[in-house]
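Alright, structures below, take your time with them.
Two complexes, one shared chain (chain A), two partners (chain B, chain C).
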Partner chain A sequence: MTRIARTGTWPGVLLAAGVLAACLVLALALGPVSLSIGRLWELVTAGPVQGDLENAIFWQIRMPRVLVASLVGAALAVAGVVLQDLFLNPLTDPYVTGVSSGAALGATIGIVLHLSNLPWTTVLAIVGGLGTLVLVWMAARRRGRIDIFVLLLAGVTISYLASAVVTVLMIRASQDMYAIVYWLMGSFSGRGWPDVEIALFAIPFMIVPLFFTREMDILLQGEKRALELGVEVERTKRLLLVTAGVLTALAVSVSGIIGFVGLVVPHIVRLLVGPGHRSLLPVSLLVGASMMVVADLLSRTVISPNEIPVGVVTTFVGAPLFVYLLRRGRGV
Partner chain B sequence: MAPLVSLRDVDFAYEERLVLRRVSFELEAGESIGIVGPNGSGKSTLVDLVDGILRPRAGEVLVNGLPTGKYRRRDMAREVALVPQHFDLDFDLAVREVVEMGAYCRGKGAAACDDAERTLARLGVADLVNRRFSELSGGEKQLVVLAQALMQRAPLLLLDEPASALDVSHQLRLFDLLQELNCGGLSVLCILHDLNLALHYFDKLLVLSDGGVAAFGPPDDVLRPEILEAVYGVRAYMHRHAGRTYLTFSPRLRSKRRGRIHVVCGGGTGAGLMRELVDAGYEVSAGALNALDTDEETGRELGLQMAVEAPFSPVGDEAHAENLELMRAADLVVVTAVPVSHGNARNIGAALEALGEGTPVWADEGVRANDFAGVTDGLADADVRFFDGEADLVAAVLGRDTAATS
Partner chain C sequence: MSRTRTGRLTAALLLTAVLALGAVALSACGSGDDTASPSASPSSGPITVTDDSGAEVTLEQAATRIVSMAPANTEIAYAIGAGDKMVAGTSYDDYPEEATSLPKIGDFANPSVEKIASYQPDLVLAAGGIQDKLRRRLEELGVKVYVVDPTAYDGAIATIENVGKLAGADAGAAKVTDEMTAAQMEVQASVGDLEKATTFLEIYNKPLMTAGSGTFIDDMIMIAGGENIGAEAGSGFPNFSTEVLVQKDPTVYIADSGSMSEPGDIEKRAGFSELTAVKDGRVYVIDDNLIARPGPRLAEGLKKLAEMIHPEASADQ
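On to the complex of A and B.
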C-alpha cells in the first residue's frame, strides 16, 4: 500500500490544509453569482459593506455557509475517527451513539412547537443530543467501567426509539412534516452567522483528541493491552466519548443529519496516512471539512437554482467509495 | 529489601466463581519463575493480578512492597511489563510504531529514534523494524510484542504462554532469549504448558491446580511424577537423556486394574511392551534383568517391580527366586524375543515352572530364533502360545480381556 505521508505528520497535514484552502476558495467563488479570485480578495479585504450585492452574497450568504459546512465536516470526521477506534469497529459512525437521533428529536420538538429556527430549535437539538449521550452512558456503566459494546447497543436502541418518537410527531403535526423531513435530511441552506457561532464551539472539542494520540494508538491494541502498557483506559475512554458526543451533537444541531462523512473520511485518511493518530486525526479533520465544503458546493450548484440536500450528495459520493473500500477486504 | 512480587493469601473470583484460593508466593529480584498447571487452574488470572489489572478479593498482591491498587497504571507499567497470550492488530501499523508504544509509560519522547531498533536487535530481529506489523508471521509478531514489553524497561517481565503459537525452533529461541534477559538482571514470571521447557529454563516453578498452589520450588523438586499425577491426572515418567532429565506422559486410565502381567525380556526387547501394558492399566513386573540393561532402565522409569541381578552376571539364585515369586503372582507371563544365552536361560526355566503351576505363558516366536542356549524348545513342547512378532503379541495381550469376556 502506498501512502502519501509515511515519513511524518507535517507533510500530510500541510497537504490536507492546502486542499481545504483550495476547496474553501472554490466554494466561496462558485455559485449562481461567480466571483473571480481577484474579486474574492477585494471582498475579504473590504469586509462586510452595506449596499453591495456581491459583498452581501459573499459575507452574508456564502461565508457563513461555507464556514458552517467546514466546521460540521471537521467535527463529524474527528468524531468518526474517535468512535471507530474506541469501538474497534470500522462500521461505526458518529450517529451510532444515538446522539444524532436525540438531536433530531430535539429539533423536531422545536419545529413542531414552532419555535424559531434559532436559537431554540438548535438549542433543543443540542439538548436532545447530549441528553441521549447521558442516557447511553448510564446504560453502559457497570462498576465504574464503561462497557463499549453495551454502549454501542444502547446507542443503536435509543436511536431507534428517538426515530420512532420523531415519526409519531411527524404524523401528529403533518403540517410541519416538510420542515421536519428537510431538517432530518441535512442542509446548509440559509445558515448564517448565528449558526457559525454555535459551530465554533466544536473547535475546542476537535483539539482535545489531538492531545491523546498516543493513548488512541495504544488503544488500537484493545483495552486490556492499553492497561498493561500504562494507559489510564477508563479516563481516556470517558474523555474521548464525551468529546465525540459533543462534536456530533453540535454538528447535527446546525446542519441536520448528514451521512457518510463521519464514516468514510476516517477510512480514506487511514488509507492515505495509516492508522497512527498523530496524522490520522488532523488530516481527517481537514479532509472532513474539505469533503463537506465540496459536497455543499455541489448540492447548491448542480441543479441550481434548486438544491439537492447535501446528505444526498455525500451519500452519492460516499456510498460507492465505501463499497470500494469494503471490496478491498481488510483494507478498511 | 522487599521482594519484587509478593502474594499473601490471595483469593480471586470472577463474579461468584472462585478462581484462586489462598495463593501465596514471592519472587525475588533477578529470579525466573515458571507457572505451570492445567487449563483453567488460574494461571492467567494470577498474572493479571500481579500486573494490577485485576484486584484480589482477599489477601494482598504487593509489587515492590506496595499493593497493586496503589499504583497508577503508568507507574505500574514502569515496574511490570506483560507479554500477552494473544496479540493481534487489525490496523496497518509499522513494526517500529508498535514497538515504540511500549515506551509510553516512560513519558513523552522517551523512545529515542533508534530505541525500537536496538530492542529488536537484542532479540535478533533488527530487520523487522521497517516492516508492516500485519505482514509478519506469528513467531515474528510474538517477538515484536516481546520487544514492545521490553521497551517499558520494567524490572519484571510477565509472560502468558509466550510460546504456545510458536514452532519448536522459535520456542527454544524465545526461552533462550528469556534466559539471557534473566541473566542480564530481568526478573521473569512466565506461564507455560511445556513441562520439559519449564524443567530446564526456570529457577523455580509454581504449580497451580484448581486455583491453589500445588507445589512451589526448584523444578526438580516440583515436577515429580506423583505431583504431576495429582495435578494433571496423567502418568509422568522421568528419563535421563544426555545429562538432562525429561518428562514423558501417558494418560492414566481411571478404570480398575486389569490384572498382573510378568514380562521376561532384556536388551530392549520388552521396553515397548512394558510401556503399552502400563498405559493400558496392567500391573506389570519383569525379570530377571541385569542392572543397567535397557529394559531394566525402562522398568525403573515405569516404576515396575523387577527381579534384578548385578550387571553382566548370570541370573543367580536370589534373583531367580524373586523372579519366580513375581511370576506366581502374575495372571500371565509374556516372553519377548529376548536373546537367550546361558546367562538368562534360567528365566525360561522359571517361565516353564510357572506354566506348570498354572500361570499361562505367551511368547514371541522370535525368542526361538535368538536362542543360544537351546532351552526354548522346552517352551514349544509345553503348552505355550506363540505369536508372530511383538505387534501380534501386544494386540493379543491387550485384546485378552475383551476376548475373555466376549
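On to the complex of A and C.
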C-alpha cells in the first residue's frame, strides 16, 4: 500500500494523455489524403461542411473511425486489467470470459439473417456478449459466491461452444462466409458516427473501475486477505465482472474481435507504472486507446489503397514491444 | 552427463524429423507418378486442351459424365448444349432452371471429393483458387479436371470453346462464343470513341472490396469504356480504402448485388454523400451473376456495364 501511495499517479497519467493526444492528431492528419496541422485546425473549426471532399474525408470517414478505434482500444485495455487482476492470471484477456465469442455468435446470426449492420447486427452482438456473461455467471455462482476458477473454465467452455455454433452457421450459410470471416477478423474500416454512438456507451463503464482501485489493489493479495481487510469482496467482484463484460461486449460489437491489445497493454503498463491500480487503470485506458489508434493508422496507410486487418497490426506492433519490455523488466 | 543425454535426445528427435520429412517427400513423389501414368497411355484420337491454370487436359474421347464444381461451370455446360451430360453440380447452381434439380456435390468451398468420385465423372469442371487443392486429390483418383479461371473476357470465350471440345459440343460452344464476341463488338462500337469514365466496381462492402487488375471484371470495365479505379489496388479482389475512394471520386459507382453481398443504401454510407457519382445519380447496382460468373452470361453483363458507364452511348441507338 505504501509503495503504491508513493508512486506518483498524475505524471504517468498526464504523460499517457499527451501520448494519446499526439496519436489522435497523427491519426487524423495522416492517410491517403494527408493534412497539415494548419489544415487540420481549419477542418476542426469549420465543422462538417457539404461540398468539400477533404472535409468529407475528415469528418465523415476519418474522425469517426479514429474515435471508434480509441474507444475500443481503451475499453479492451481496461477490461484486460480488471480481468487479469480478478482472475489473478496473467494470461487472461477480455476474450476468455466467452463474452467475445457470444458477441461473435450474435453478430453471425445477424449476418446470416441478413439484418442491416446497424443497429441490428450490432445489437445482436451486444445481446450475445451479455447473454454469455449471464450464462457464465450462473455457472460460477455457488451459495451467493462467484467462484473465479469455475468462472474462468465456464467462460472458456462457453467460448468454444459459441465458436462451434458460429462454424456450423458459416458452413450452413456459406454464401455469408466472407461477411462472417471479415467480421471475426475485426476492423475499423467503414465505421461511421452511428458506431461512435455505440462505442460512447463504453465510457461510463471505463470510469467505474477507477472508483475501486483500492479494492482491486487489496484483491491482488487474495480474497481471504481482502475480506480480513474489510473489502466487500463479492460485491466488488460482481461489479468489476459486469463492467469488464459490458466493455468487451461493446468493443467487440463495433469492431469485431481484435486481439492482443486487451492482453498486452495491461502488462506493458504494469511494467511501466507498477501494479497499483490508481495508475495502472487510467494509464492502461490511455495506452490502449493510443495503441489501437496507431494500429488502425498503420492498417489503413501502409499498403494503401489496401488495408491490413487491424488485429494483424496490433500483434506486429505489440509483440516485439512486449518482449522488449519483458526482458528489460526482468533485467535480462 | 546429462548434457550428452540431452544431445543424444536432440539428435534422435532431429533424425525422426528428417525421416518424417523424407517419408512425406517420397509419398508426394509416389502420388505424382500415379497421376502421370494414366495420361501417358497412348490412344487413337485424344482431345487435348490447356486449361486456365496452364495444365494440359487430355481426354481419350468426349466427356459423357461431367461434374461441375462452380455455378459458372454449370452455366457453361448447359449453354453449350452439354446439359444432358451433367451428372452433378453445386448447391449454388441456380441457372438455368434445369441445373437446380441436379444432384449436389456440396458447395463451392467445400465440395466432397468422395461424392464427386461416386458419380464416376470423366470430366470435372473446377474453379481456381480454393479448389486448387482438390484438383490433385481428384487426379489421384484418375478423374480429369479442367479448371475454369479466366482473367479476361476473351479468356472466358476461350475457356468455353475448350469445354466445348472436351464435352464434344463444339458447335454449341461456337454459338455461345459467337454471341459473346458479338456483344463485345457491339459494345466496343458504341463506346469506343468516348472518353473513359472513371469507374469503381464494388464487389463487397464490409470491408469495401473491388475488382483489381488481372480479373475479367477489370477487363470488362475497360471494354465497356470505363477506367477501373480498383486496378491500382492490385490484382484479384483487393480491399479498398474508403478515403482513397472519396479522393479518387469516380464518375460511376457500380455495386454488385447477389447472394454474397447486399450493397444496401450506398448513398447513406459514411463519406459517400460527397461522391460525384452519388450527386450525379450515377450509382448503379448490377446482378453479380452477370459479371462474377465467368460463363455465357458475361455477354449480358458486359452490355449492362456499358449502359451504366456510358448511358449516353446506348441512348443514341
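In this section, the second predicted complex is superposed on the first by the 311 of 332 C-alpha atoms of A that agree within 3 Å, B and C clash if a C-alpha of one lies under 4 Å from a C-alpha of the other, contacts with A are read in each partner's own complex, and residues count from 1 in each chain.
As a working rule, contacts are C-beta pairs under 8 Å (C-beta built on N, C-alpha and C of every residue); 3 or more make two chains touch, one makes a residue touch a chain.
Just so it is clear, the structure is predicted and the values come from calculations on it, not from any experiment.
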Exercise. In the superposed arrangement, which partner chain does A:229 touch: chain B (first), chain C (second), both, or neither?
Worked result: first
Exercise. Between chain B (first) and chain C (second), which does A:267 come into contact with in this model arrangement: first, second, both, or neither?
Worked result: neither
For this session: Kindly classify A:217 by the partners it touches after superposition: chain B alone (first), chain C alone (second), both, or neither?
Result: first
For this session: For A:179, select first, second, both or neither according to whether it touches chain B, chain C, the two together, or no partner.
Result: second
Exercise. Is A:277 in contact with chain B, with chain C, with both, or with neither (first, second, both, neither)?
Worked result: neither
For this session: Using the touch criterion from the header, give the chain among chain B and chain C with more contacted residues in chain A.
Result: C
Problem set entry | Which superposed partner A:32 touches (first chain B, second chain C, both, neither) | second
For this session: Classify the contacts of A:237 with the two partner chains as first (chain B alone), second (chain C alone), both, or neither.
Result: neither
For this session: Please give the residue numbers of chain A that touch chain B in the complex, ascending.
Result: 1, 88, 214-215, 217-218, 220-221, 224-225, 227-233, 270, 274-276, 330
Exercise. Where on chain A is chain C touching in the complex?
Worked result: 31-33, 50-53, 55-57, 60-62, 64, 114, 116-117, 171, 174-179, 182-183, 187, 189-193, 300, 304-307
Seminar exercise, completed: In the complex, the residues of chain B that touch chain A are 51, 53, 72-78, 81-82, 84, 87, 89-94, 97, 101-102, 104-105, 108, 148, 152
Problem set entry | chain C - residues contacting chain A, complex | 92, 107-110, 204-208, 232-234, 238-247, 249, 259-262, 264, 269-271, 273-274
